[in-house]
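In what follows, structures are represented as structure tokens.
Two complexes follow with chain A in common, the first pairing it with chain B and the second with chain C.
Right, the complex of A and B next:
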């Protein structure tokens, strides 16, 4: 799809919802250097959400939607949980089918798009919570990586089952007392980033979403590598402030505290050799493009 | 956007001509071939312009699933891979179908049960996937033998459910199944069932359509719901997501959509009648005694009728072809003269007899049986014996059954 596809018949313009009019007027489909800085000046691809006030997941959602390099040809796959409350408000095609089967859905979807649109870019991005990714869906998460399916998996790690009310999950810290972990969780937080690397992911990052510029960078890298090389995985800390006893305004600080070098969400990155090469090529091209743009601006001023 | 104009008369990359389905299936010359049911599945898919097939090994469908892999290697199928479990496979099929592909898969018994959560989702998402079910026993105890119990679990999923008797049915219905499932006013998944081993592993003469003709490709833009390929402008789909909301509009949305899924099953009726030449086949409906069956129980019933005729007992036959949509009017009409209705089945619960009892007036006429299960065969003699016993006629003794 290109932005030209999103048009409204003049006869119907005034009865279309305002947010759809805004999508047509000022969304960033097709904008080459779209990113988090568009937030506030362009129409976002996520409309108002129904998450809790101050939920870091809502920040993550906005940064990701602003950072997808090719939203006009991106299809997203979700799972059941808090994310499934947001997806209906997202202006790219997105699929919710069952709980935990998101990487299986994405495998079939990516292959169908490859068969139907040979030679065209069609990105697939999975976005699901930690219960869906690591517990009920772990088999399908890993198998899609073993098969080298070419799509990005993003896990919103809030270290518990938030939507059902704060039960223990595999990504929960050891010792944390929660519903279904009445005497504290008995085993360590599952090390999925390491497992992702060993399972064949070519680009793996664990971080928090405290810095939008970082989220933009890792989302773009993950999508580019998945498009050209193979599976990629992002594990983003999006604490459930409600379930860890924080107030609405404390989410950001919670993430900053947890990303310190000695903490469990210290930045972690694995990049395969082919992915390193690809990202270097992309960075070189980007540098060239910026230099050319600067030169053009200079000429215009001169 | 992908090409949506008619491709009939043009050729695919394998040199097959996209052919008008009615001509291909009803008028084009046929060639007799001696094939197993599994090979017949392969030959049907060769002609089906299938985009994606996803496979998983489970007896007795493994051979068919592997043969379609050969078709992929030859270039007749767009993509093919082995999934990690039936639950995953059915989700992968869903993903491919959401993405606008014509999707085919096969499963059996425990695989059907493992995948079950997917089937109402397929129907609810209006994905016209075709799934072959080569019925086998459900654990426990472990059995790999033919048994149709799993069909009963599929009846309330919102899928169309057809039950083939022979390999010939299978060949024709696979191709016809795609056509009916993809009708815009239907657009539902199809479970095309057969009795494992009896159909899949025995050889039969099957009349094949020309190998150089194939179905026109699936056009996902005739779907009543958006194809998830970002070729159409996206919209913010709802003001509030209705999942998990406790308000009237969320209940009403869910309720009306479920009703629409079942209305779509209902709307498939006219298409199935057109393509399958009726939802049932009926013979000698003026007889006092009728056998009503589906699948290979029909074949055994037919043989029992021949044996009864030799003894001067006249008996009619109803072959049920579609279980969803359920042929209510047809069964009522075909059994209206019958005083005794026998329903032979390859399962322990007798689900077909229950369906029939719920459909016809004077349901005391229905004898639920004979039943065999766990892989036992159903010799026509036991149908004859069941009928004669019920009618108070003298019958021979069957080993182990007493009389």
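Right, the complex of A and C next:
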């Protein structure tokens, strides 16, 4: 796997833009314990983005890209929204679906990949905004969970339709007044994590992206569980600083404020019994692998 | 037979797909020039002439040759390099051959650097920036090549050549089919043979 599959033809190597040469030389494809700590030291799978300065979604994107356990064999499915402005800059296969269709596309894709590549692990990860996941695409989202499709759904929850000017979404908090929702939200924020659990998701987490190590952990867990057991769902708070009247540097604080135990983005996790067992097995293996690696390093130094 | 001809543009905002104008693809052993089916030999001569005439003859290798997916791709890349080196040897002072890659098909808005790469979603930027008047696509997947060729025909006066590994491209002004290492090498040989016999547009313009 890994970099052996992305070689530049020697005869044309010198004309390739530096970005691509770097991607082959120093990206983390194939690295077993890749994670958010590679950011800034290895060639990232996303370096530039066209989102607003200080956008928490751009942080979330970086952490997710750095945390995918198997990026060279991962296909991401996106939907219309701010995320679709970033996908062209991402060095992982991705599909931009029609608005709301992302979970239906991912279902077919995952099944096709398992038929086409029976001996190879192929991960499918849906990444869409709250409008695509909960409002317009709710049917597709739920049906894929009911069918126990083996892929991960990640929702970037910014609690409104951000790039169309701030319309109300199902995940908007009650009473919030947005630019295009002047009356204020009349009903409660949809409790999608609970709905996901009841719909058959085996691993569900709601959190903010203020802590990169936490994002890494939940993304890896969600992908591992989806690979082996069934659907998983992550709801990540990525506030739209423009639409909630914050400055570029205030996104992180907004997330920290919103994740306090009494707040609406307090950490929430549901794990099914089979998923618990799988994650325990993976953790044990990981511990063994790290111990062996440490021992090897020790021997080499001695 | 269609009377429509696939000629250098600009054909304006929405050039018709040549296929919709009745242009058909060549059979094995054939090629097309401006939409007219011709024997492949004739196409080698014409492609070589166009390259030798151009002020900035350019080769655009696509992902199918830039990336060494398999041994065949790497060999084709070597052949493309040989073609470029031959072209460099055969042009006259004032002509500026270029080799510009199309590494992938992502719509890289707004960061395209037209000096070092071409993107199928706005190929005209690279052509305008470098003043390219003749180009050849090689190793570009069919639908992206069609898209680019149409955009180029729509917005530029560049002469387009497709060295296609499949059935050819109606939207190029000249298209080979079943491209192989041998065919790329043969084009290089033809350019070498015609060296000095074709007057570049550059000097022709000066003499008027």
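Everything that follows uses one rule, which is that the second predicted complex is superposed on the first by the 299 of 302 C-alpha atoms of A that agree within 3 Å, B and C clash if a C-alpha of one lies under 4 Å from a C-alpha of the other, contacts with A are read in each partner's own complex, and residues count from 1 in each chain.
Everything that follows uses one rule, which is that a contact is a pair of C-beta atoms (placed from the backbone, for glycine too) under 8 Å apart; a residue touches a chain by one contact, two chains touch by 3 or more.
Just so it is clear, the structure is predicted and the values come from calculations on it, not from any experiment.
Novice: Based on the superposed arrangement, let me know which partner A:138 touches: chain B (first), chain C (second), both, or neither?
Specialist: neither
Novice: Based on the superposed arrangement, let me know which partner A:9 touches: chain B (first), chain C (second), both, or neither?
Specialist: In the superposed model, A:9 contacts chain C only, not chain B.
Novice: For A:97, select first, second, both or neither according to whether it touches chain B, chain C, the two together, or no partner.
Specialist: It touches chain B, and chain C stays clear.
Novice: By residue count, is chain A touched more by chain B or by chain C?
Specialist: Here the partner covering more residues of chain A is B.
Novice: Tell me the contact category for A:42 with respect to chain B and chain C: first, second, both or neither.
Specialist: The answer is neither, since A:42 touches no partner chain.
Novice: If we overlay the two complexes on their shared chain A, which of chain B and chain C does A:180 touch? Say first, second, both or neither.
Specialist: Neither partner.
Novice: So in the superposed three-chain picture, is A:20 touching just chain B, just chain C, both, or none of them (first/second/both/neither)?
Specialist: both
Novice: Between chain B and chain C, whom does A:113 touch in the aligned arrangement: first, second, both, or neither?
Specialist: In the superposition, A:113 contacts chain B only.
Novice: On chain A, which stretch or stretches are contacted by chain B in one complex as well as by chain C in the other?
Specialist: Touching chain B in the first complex and chain C in the second, residues 6, 17, 20, 50, 88-89 of chain A appear in both lists.
Novice: If we count contacts the way the header does, which residues on chain C are in touch with chain A in the complex?
Specialist: Chain C residues touching chain A: 61, 65-68, 73-74, 76-78, 80-81, 99-101, 103, 106-111, 113, 116-117.
Novice: In their shared complex, at which residues does chain A touch chain C?
Specialist: 6-12, 15-17, 20, 48, 50, 88-89
Novice: Which part of chain A faces chain B closely enough to touch in the complex?
Specialist: Contact set of chain A toward chain B: 1, 5-6, 17, 19-20, 47, 50, 72-75, 77, 80, 84-98, 101, 104-117, 122, 139-140, 143, 147, 163.
Novice: Using the touch definition up top, name the residues of chain B that touch chain A in the complex.
Specialist: 2, 51-52, 54, 78-79, 81, 83-85, 87-89, 91-101, 103, 117-118, 121, 125, 226, 228-238, 240-241, 243-244
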